[in-house]
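Structure incoming, see below.
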Amino acid sequence: MNRMRASKDMWLWISGAALVIGLALATAGNRFAAFIIGIVFLNVLWTAGMNLLYGYTGLVSMMTAGVAGIGAYGTVKLFLDYGWSFWFAVPVSAVGAAAVGVILGLPALRLRGFYFVLSSLVIQVALTLVFIYFPQFTNGDTGITQIPRPGLWLPGFGAVDLTGPGFEIILGLLALAGVAVVYMIIRSRMGAFIIAIREDDLLAEELGIDVTRYKVMVFFISSLLMAVGGAFYAVYTGFISPRSFDVLMSMNIWLMVAFGGRGTIAGPIIGSAILVPIPFLLQELYQIKDIFYGSLIILVTVAMPAGVYGTILKWWRVRRQKQNTAVAPVAIKRMPAE
Amino acid sequence: MVDPNLLIGLSMLTTGLVLGAIFALTAAGVTIVYGCIWLPNAASGQFFLLAPLVAWSLSTAMGWSPILAVAAVLIAGLPFAYLLERLLIRRFYDVPDRNIAYFVVTLGITQILSGVFSITWGQWSDQYNIPPLAEGVVFIGPFPLPANRLIALVGALALLGALFVGLRYHRFGRALRAVFQNREAAALRGVDVQRIYLGAFLLGTSVIFAGGLLYAMAYSFDLSVAWSMGITAFAIMIVGGPGSVLGALVVGMLFGFVQAAVSVFASPTAATLSYLLAMLVILLLRPSGLFAR
Amino acid sequence: MLEIENLTVRYGAFLAVDRVSLSVGEGIIVGLVGPNGAGKSSLVRVVSGLVQPVTGTVRFRELPLDGIPPHGRVDRGIAVVPEGRGLFPQMSVEENLLMGRYRRGMGNGARALMDHAFALFPILQERRRQLAGTLSGGQQQMLATGIMSEPQLLILDEPSLGLAPIVVDEIGRTLRRLKGEGVTILLVEQNAKLAADVADEIYVMQTGRISHHGAASDLMTDRSVMESFLSVQ
Amino acid sequence: MGVFGVELRRRHEACRGGDRCGGGVLGRPLRFLVIDNQTNPTQALAAARSFDAQDKVLVISGPTSSDNALAIYGYAEQNQVPFLVPVAAFPQLTKPGTQWTFRLEPAAVGWGYSIAKFVEQKKPGAKIAIMYSDFALMRAIAAGLKYQIPRSNLTAGPEIVFPQGSSDATIQATQVRAASPDYVVVIGAGAFDNTITNQLLDLGVKPDQIIHPFGFTTNILGWGARSVGSYFGTFFDHDLDGVTAEGKKFIKDFAEKNGRPPSYIENFCYTTPYVIKQAIEQAGTVDRAKFRDALRALQTKETTSGVPIAFDKNGARQEYIYYMQITSMDVAKKEYSAKQVFYMEWSPEVIPVYDLVK
């Protein structure tokens, strides 16, 4: 059984990689389309991190953009000002950003539910202000421009050109790796624990799960994904500014997870694939962009609490259940304490 | 020449009072809604801006007298809030984690309203002045205070007083506080909790509208005030204790005076950052706020 | 006066109350006793209108209460004092009493009722300006007698919880006195002794079902009941 | 965040209009980027990329707020697409080594320089107080002014910075008043500018002691009738001495359409299509590099005001500014009149612009 699953998984990842490379190559002729695909890949990576945090652990964090920003600014600083290799700067600044994220978020992680959301929002606002008011590190609200793309030397390939579809392929594989990390965590013991925390953190505590420890671990891993995404965003677009990493970005990433379907592997990918291209394709309708987004947020919360993929899954299960006339297991949910 | 220290001291006092009263009023509106319904209204800043924008249009484009415009906005605010409650807010009354759901939904409202603002009022002007109710300047000792700002201050203090007395002694106010303190016990005493929710939403939203209108009487405003006031009101609510009107009063006034004092002794930027810091520290050390209910 | 018929309450998959029937006759005190988790409080929540049952009906004075919200039940003369006493800790003693008049209004002898409450518990008059949250457990229970709404049926959930024996006796005396004034009482208790002391009739509830029912004097001498109680308590 | 974007958004139509150039040049239509401060930099970049890769445009143009302009700047320089910016006062857009970007609006640091020059001429040795909001643009103006104050033998008064989103300036206005400066330079965004101005006037600062380094029509009306007598710096105004016949027609048409006179921003937008057209005609082809070279060599004039247009080696505009004094105002009718009191032109690097603002 396990071996079958492993081989099935293997095929899934291989076809995923093939799809990613295929998409990157198919759009290589059109650099606008390629750019959209590249941004979608970045968002898949970000939403994978958010999914681990929000979808599986139940933590609604509004500071994810800030962490991505630290990763981006850190990488750019090491890469441009200190002359580090980009490929060395990314892991260093990503670990640094995740550590900063955990240190900032640690006290907040003790807080439950809404207070965590609020604290993370406050931290996000503070980080945006730091990006603006410390121009010696960030160049202030005007941002850093003309960030060059790094080169890459692969054994067997020699120097790889990253100005063309090469970079989109890297972004796609990165996104795939991010999703795989989340998938493996969910399949592990840790996955069972964090889902238990999401369902009822008090009960999880009673069952002997070290809730804060797991929350911190999840927060660190998701911050890592955010920061890596931020670093690649910087060199991919060639430009970063405080507005690239503001609270709106945190909200958008959250929205993609909620829209696609929280707590499912495919949901956030679907959410990113649908939502990311919209503003690019509707460039001319910029005036209604905010209204459209706001309405979408409300609509998802009211009508599709499980998201697009979640709703499909539910519908599918109900259908299958009717066919099998099997009894659905009903979770015992404790009454909310008043 | 008058002693500059006296002038600065008086300006500190009046600034602290005006800002503090408006902060306190707005935060009181936010905290009433949160305390009662458990609805953290992320769109409160947009509501705060919406009211004076409409009043601006009525008084400049339509030529209404400013008093009439302000009154009309306050009255029109009620059906607006009522519709919102009917269509959206009440859907979540029975959701267990409704504060998070509400937060997200009101973030959506924030997006919609700011989108609406930028394609309507944002197209018409980039700053707004409601014509003054009264011209001229009142001298407090040597310090000149514009009559209009004095009216705004008196209005804010009067509303705060009325709010405080009403919550303390009126039957509805008592029921509202009862729901804050013990939802279920209130229901068992015969309080129709859903009606109180509706009442709290109408009251809180109207108070936020009033705060915005008074602000617009005291200052020129633009679209960016929504964001800064939304954050400030939230900060006051969190530091004061969510659901505590007394907390909103005390901390609101405190924030006003802190802004005034820090501006003198440090810099206006330091004052803004000090709010965020205070909010974070309180959240981490004492999430229920200084005036826990 | 109050008839409960075939009542079932469920929270998700958890069966809290299982086909329970129970009736409270006019002018008497009925005790509903049972261990923690037996489903007593769920039953009270259904009668007060806070929880909807899966099946079964509740009738008050022959009229079904289905679909009537909690405040509608207060209007009909049912007062419920929930577990934990249901006070408003940040309100004064006087305000807490006034909240009991929320439906009836301030006229209609509110003043006299408050004097009556103060006559019953003079200590409350002394502390009328004090916040309810600062009172002792016994004083809080005195405040939470629910008499301000002039109920016909008074339901008390665990009034003796966390109180010293001497205070529990005081509560027993008060309940008998209220019965003397014509109030029907449903006393829900873990403390079987208190129930046996004051109730005319007793129901025993265990794991969601009524296991015994009878006159208080009979039931308390019944060996099997006492044993089942001792084993769970 | 900034008010500029809001202001700019309103002016897009004016820029896209290019009424007179609607038919395009050499058989190619002109298209303009629509970007405002609500637009995320990623989207601005995507739009630039779409114009470059999809539409294969000759030149990208668009009035842009701060960080979006720099985002597109990076793209234009890296991908060798000419980028002509009508409205964006950031010096970084034409920092040394810039190859493909041209800026029609003079740099903000230079505006600061010009204030000192203006005051030096009005009242030698005068004491200047500065109040400004903490936006990059405002900081740039203040930087130029602070650099030039000692060099023009002026005295620096109090300098007060406000964070973005400030609402009250009573205390700071009082502090400034207490220092009794000869001039107060107010560099604020939108409503805050009005609030500061009102509070200075409340405290008895005279209108003709207040200098606003720049003013859109709506800003100027926002200062209110009490501010008659105060100064503002601008690059174009309907009451300018040098408005040409074409300029007068532009003002008239614009006022009829929009119910208010045009500001300098609309003038730059109006001018942009002309500049592009002339450069294409000079280049004679639609090759990007040749077009860029033609822009570099361009020597022409604004058709509305007669002010010369020339770019330096980095693509920065030969700088100029007018100082106007408000002579009357009717806020209700959205009308004001002003008289030109000072005009100067200078080279973009008369002060170390690119060192003052990184």
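Labels for the chains are A, B, C and D, by order of writing; each one numbers its residues from 1.
As a working rule, a contact is a pair of C-beta atoms (placed from the backbone, for glycine too) under 8 Å apart; a residue touches a chain by one contact, two chains touch by 3 or more.
Please read all numbers here as calculations on a predicted model, not as lab measurements.
The most distant chain from chain C, with centres taken as the mean of CA atoms, is D. Counting C-beta pairs in contact, the pair that comes out ahead of the other among A-D and B-C is A-D. Put simply, the C-alpha centre of chain A and that of chain D have 39 angstrom between them. Per-chain CA centroids place chain B at a distance of 42 Å from chain C.
Spacing of chain A relative to chain B, judged by their CA centroids, is 35 angstrom.
Within chain D, the positions touching two or more other chains are listed as 1, 36, 38, 134, 164.
Along chain B, residues 118, 184, 269, 273 each make contact with two or more other chains. Shared contact sites, meaning residues of chain C that touch two or more other chains, are absent. Residues of chain A touching chain B in their complex: 60, 107-108, 111, 113-115, 117-119, 122-123, 125-126, 129, 133, 251, 254, 258, 287-298, 301-302, 336, 338.
Considering their complex, residues 30-32, 35-36, 39, 132-133, 135, 139-143, 145-148, 237-244, 248-249, 279-280, 283-284, 286, 289-290 of chain A touch chain D.
Residues 1, 34, 36, 38-43, 45-47, 49-50, 52-54, 66-67, 70-71, 73-75, 77-78, 90, 92, 134-136, 139, 164, 358 of chain D are the ones that touch chain A when the two sit in their complex. By the touch rule above, chain C contacts chain B in their complex via residues 48-50, 69-71, 74-75, 79-82, 86-91, 95, 98-100, 102-103, 106, 149. On chain B, the positions that touch chain D within their shared complex are 1, 4, 7-8, 11-12, 14-15, 18-19, 60, 118, 122-123, 125-129, 137, 143-146, 215, 219-225, 227-228, 259-260, 263-264, 267-269, 271-273.
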